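The structures come next, written out as structure tokens.
The two complexes that follow have chain A in common; it is paired with chain B in the first and with chain C in the second.
Then we have the complex of A and B:
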């Protein structure tokens, strides 16, 4: 079966995020009341897998491979079956 | 009230994504059956707003401001009330 996986990779809470700070400055300059803006990566992919549990296991393993374990955390945000 | 908003900004389906291609190559080289890998940005932020509807409206407007309308699509993925 085909699955569509969404993986989020974000900086750990304590790690300084200059890109987030820059975006926060822009948003506040435009009058928005945004605080603690953090910028991370989102990965969307299609997966071929016999079951949803196996697809989730694969997605988690890939997220672990792609994230930097010292500075980042990963989440498998969504997993949907595809037609 | 304080809300935590998650915004996803991704390339439109037709747009070439070299970063996604590179990640796909790495994952396939490691033996994963990942296809059509797309890399985008995720923004997490805290918002001060009188109501959830207003927070959602603000988050959508900010997402629109930060995305490139020619190449990217945005989604307000999640909005949670904070303690």
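Then we have the complex of A and C:
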């Protein structure tokens, strides 16, 4: 089976995110009431796997490999079967 | 006394590092990152640059290069390992040094000379300096803000692992000497054993008078002296 996985890697809460701050400043300048804007990274990938559970396990393992535990957290945001 | 200078795709201070090593009389050899052994090398330099284009995070992909298993082996054996700038980022990503280097607080890629204070001279990289000596070295980085959680930071200070700190060279500069927002003004640290050094400033760009400052020479002279003692 083919799956589509989406992994989100973001800075741990509490760690200063100057990119998020810059974006927040611009959004507020445009009149939006956005607060605590954080910038993360999204990884999209196709996965070949016998089951959804196995695909999720693989995606989680890759997220763990790619994220830096010193300052980042990761989540497998979505997993869906591909046609 | 041979020192390996590792070339990752995107390294760009490799030739400068090799030059600085040769300048003090050490042998230096450029080693491509796919090498699987570092037999015969007494020390390793991970040079500055943009390994893998800084994709994902600075240093994040280089840590998976085949040569890193050998760098780890040498580090664990006690051989001196120096990571400069991107090399420091690779060492933290690989877990050979604690903490991480995050985007500069001001979001600028900052390329200028900064003041540094030598916190200790009982390492293989700083014995040519006096403790408390002030140095002027260039920095050139976008992700140099040293970060570690409070417990790790406390441990670093307790074990005196901070080797270089950003410092004001003149009283007038006392407000803004820290160029990137590093916690505790940290510019360079060693591992607990003291044989692995990571620093953001570029000592290899400061070894000849023609470059404006020779304050980086001490790092390479210290390394040479340390290697001679071992040999």
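The rule we apply is simple: the second predicted complex is superposed on the first by the 83 of 83 C-alpha atoms of A that agree within 3 Å, B and C clash if a C-alpha of one lies under 4 Å from a C-alpha of the other, contacts with A are read in each partner's own complex, and residues count from 1 in each chain.
Methods note: a residue touches a chain if its C-beta (ideal position, glycine included) is under 8 Å from a C-beta of that chain, and two chains touch if they have at least 3 such contacts.
As the structure is a computational prediction, the values presented were derived from the model and not from experiment.
Using the contact criterion defined above for the overlaid structures, shared-chain residue A:66 touches chain B and also reaches chain C.
Look at A:47: by the touch rule set out above, it reaches chain B but stays clear of chain C.
Considering which of chain B and chain C touches more of chain A, the answer is B.
Judged by the touch definition given at the top, the superposed model places A:22 against chain C, while chain B stays out of reach.
Of the two partner chains placed around the shared chain by superposition, chain B is the only one that A:33 touches, whereas chain C remains out of contact. The contact surfaces that chain B and chain C form on chain A in the two complexes overlap at residues 41, 66. Contact residues on chain A toward chain C in their complex (touch as defined above): 11, 15-16, 18-19, 22, 41, 66, 68, 70-71.
Residue ranges on chain B touching chain A, taken from their complex, read 8, 10, 20, 23-24, 27, 30, 32-49, 58, 61-62, 65-66, 77. Chain C meets chain A in the complex at residues 56-57, 60, 92-93, 98-100, 102-107, 147-149, 181.
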